[in-house]
């Protein structure tokens, strides 16, 4: 159940069509997942968000694609975003994350969740050695 | 300003001393940061948390140490944990994260924060293709 | 699937009936949504929460009703509250938010989500010019 | 550094004075902490919030005062509210929470933070046995 | 819809079987809930998480079992973890939390959620009287 | 204490200078706040983030500038972003938000925080009437 109307033939809008074509070309797959289909309710927003995600995630940069998807999934899990958790764990697997690596990712996230709570409870002063200014 | 008393000569307790010695040996450094110094108010908790962090982060596993610290920092940033953000970004730098990689990490986290909010607003259905069961 | 028993003829309790009548009168509609129906498991809590929501949201104040619902929805989205996101976006639409305004609201929330993460990562000092004391 | 002007002789306003008098009488102490002093910028909001906090926390109910403050602190820690973490842990101590109980509280919160993250990553289906409807 | 494969005869793995047997023995019930069934995808993680939860929650400590589950539920609610909210409210009920106590728990959590937001908006300075160092 | 080096003569970089000039021109003020000064450590990220914030917040759109800043502040408060809370409440005041409107904004955010927690505890089913698909 979404908060915007379901997409009805979204590619009849040429701006949407262009974004979907770029998604398919970038990923080498015919599959366009629901986020983009629902975002089509506002073509300029669709263009803007896809442009940013493509630039950050689907462009060759310093970090490899699998690592980037694992970081993206970690943030999504911490933010309790169900759809994002599914889509970025799936993307990480598609980019080579093994089951054992997924288990390791979960372990890091769980331990971080634990110490984040502990530290937010204790509130120790930040060590001067950690800061950059 | 912390919520537990400041550590007064914590290493006079042999359990604390043993943990601090292990921290120093594991890291090859004399520096013991404030989280551990304040956690010393409860030696069993100190032992338990250090044991877990060491097993997850300071043991050779599938993911390299720098990647693990970047994931840990990503979760800490999403959880708005100031101390953890400082300590794990510093740890990632100590394990080789360059300034350019830190900028890239921030870019991924920022974009994830953006789409997490967008998806939590739109609430599109999770694509069947993403799930594992 | 809820954590309290489903409402069974909640209006047989006169306190619940009075609240539901006030909800219908305030909104000029027969529809009483599930939050209030489930909250009926504890009539004093139902009275207290409805009283507060009515005073803040359904009373004429400085901000107009549409703006208030958009702010309420923004908080609910940031807090990842699925039900609240649905109910307050629907309320904003009922109070005149157009599809284009909803798209703009999402854009602001998404950009705020992005810079909130970026700032929580960078931790710049708060400018003295911003504070009131 | 606050986002509202610092309180200047807030008790010159009789509504503020009445709330502060009630805070002092309820707690049996002359100390009025900063939250109430800053909230005095809007006397009706001060009255409303103090009235609610007093009814929930300072009135005899089923749960004892120490347990209530520990629950309040747990929520505040999970929400990363620094001031609230300090004030409600201090209140729990004032109502009898020992250092050992505070350590136990932290342990529960830390483990909850860990499994919350793990579950938000794995997304197992909710067992029918858990639900009430 | 989960992010790991559904459990297929998980107890054919002796490590999983040992954990499940311990869960059943500890709880005096044949029921093993989905979190543990899905966590069985990684037996060492299953052992580690169950070991921690058992030590914190199912071992006699200073706080009684009902109070501990209420605190655990409070954190889970603040973190918007749906599964955890269901499982720990159910556990609290199983350990004696009455419907009236559950209503009181919700009231504390709701008021904490309110003042956490208010304080994060106002940002009053932490009173020196609250801190321990 | 920040996680990136403090800005040293950032405008000696012509890309940074161009962004700062645009900030000053857009706002009609010589003041460039710390977020932009610290973001200058990575000029492309600075350009990208400023471009987005300017397009969303400093361009004439359907919603007026004051309302947009109030929504931005509401998200920042819910996300516990201290710097963002200060900067966007200050921006809302600069765009005409009165003290009484700020009090009303806080009241809405506080009530939303309360019901968000209550709903995340109760988990009522989303009413079909609320959804758009």
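Think of it as A, B, C, D, E and F in the order they're written, each chain with its own count starting at 1.
Keep in mind that, in the parts below, a contact is a pair of C-beta atoms (placed from the backbone, for glycine too) under 8 Å apart; a residue touches a chain by one contact, two chains touch by 3 or more.
From a predicted model like this one, the values you see are computed outputs, not experimental measurements.
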Interface with more contacting C-beta pairs, comparing C-D to B-F: C-D
Farthest-lying chain, centroid of Cα atoms versus that of chain F: E
Option reproducing the contacts of A-F, where over half of them reappear, out of B-D, C-D or A-E: C-D
Between chain E and chain F, centroid-to-centroid distance (C-alpha), Å: 34
Distance from chain C to chain A - Cα centre to Cα centre, in angstrom: 27
Cα-centroid distance, chain D relative to chain E, in whole angstrom: 21
Touching two or more other chains - residues of chain A: 1-4, 49, 75, 77-82, 85-86, 89-90, 105-107, 109-118, 120-123, 126, 130-131
Complex interface listing, chain A residues touching chain F: 1-6, 126, 128, 130-133
In the complex, chain C residues that touch chain F: 1-4, 31, 33-35, 37-39, 49, 52-53, 56-57, 61-63, 67-68, 70-72, 74-79, 81-84, 86-90, 98, 100-101, 104-105, 107-109, 111-116, 118-127, 129-131
Residue ranges of chain A in contact with chain E within the complex: 80, 85-86, 89-90, 99, 102-103, 106-107, 110, 117
Contact set on chain B toward chain D in their complex: 1, 3-4, 41-42, 45, 49, 75, 79-81
Complex contacts: residues of chain B adjacent to chain C: 73, 77-78, 80, 82, 85-86, 89, 105-106, 109-118, 120-123
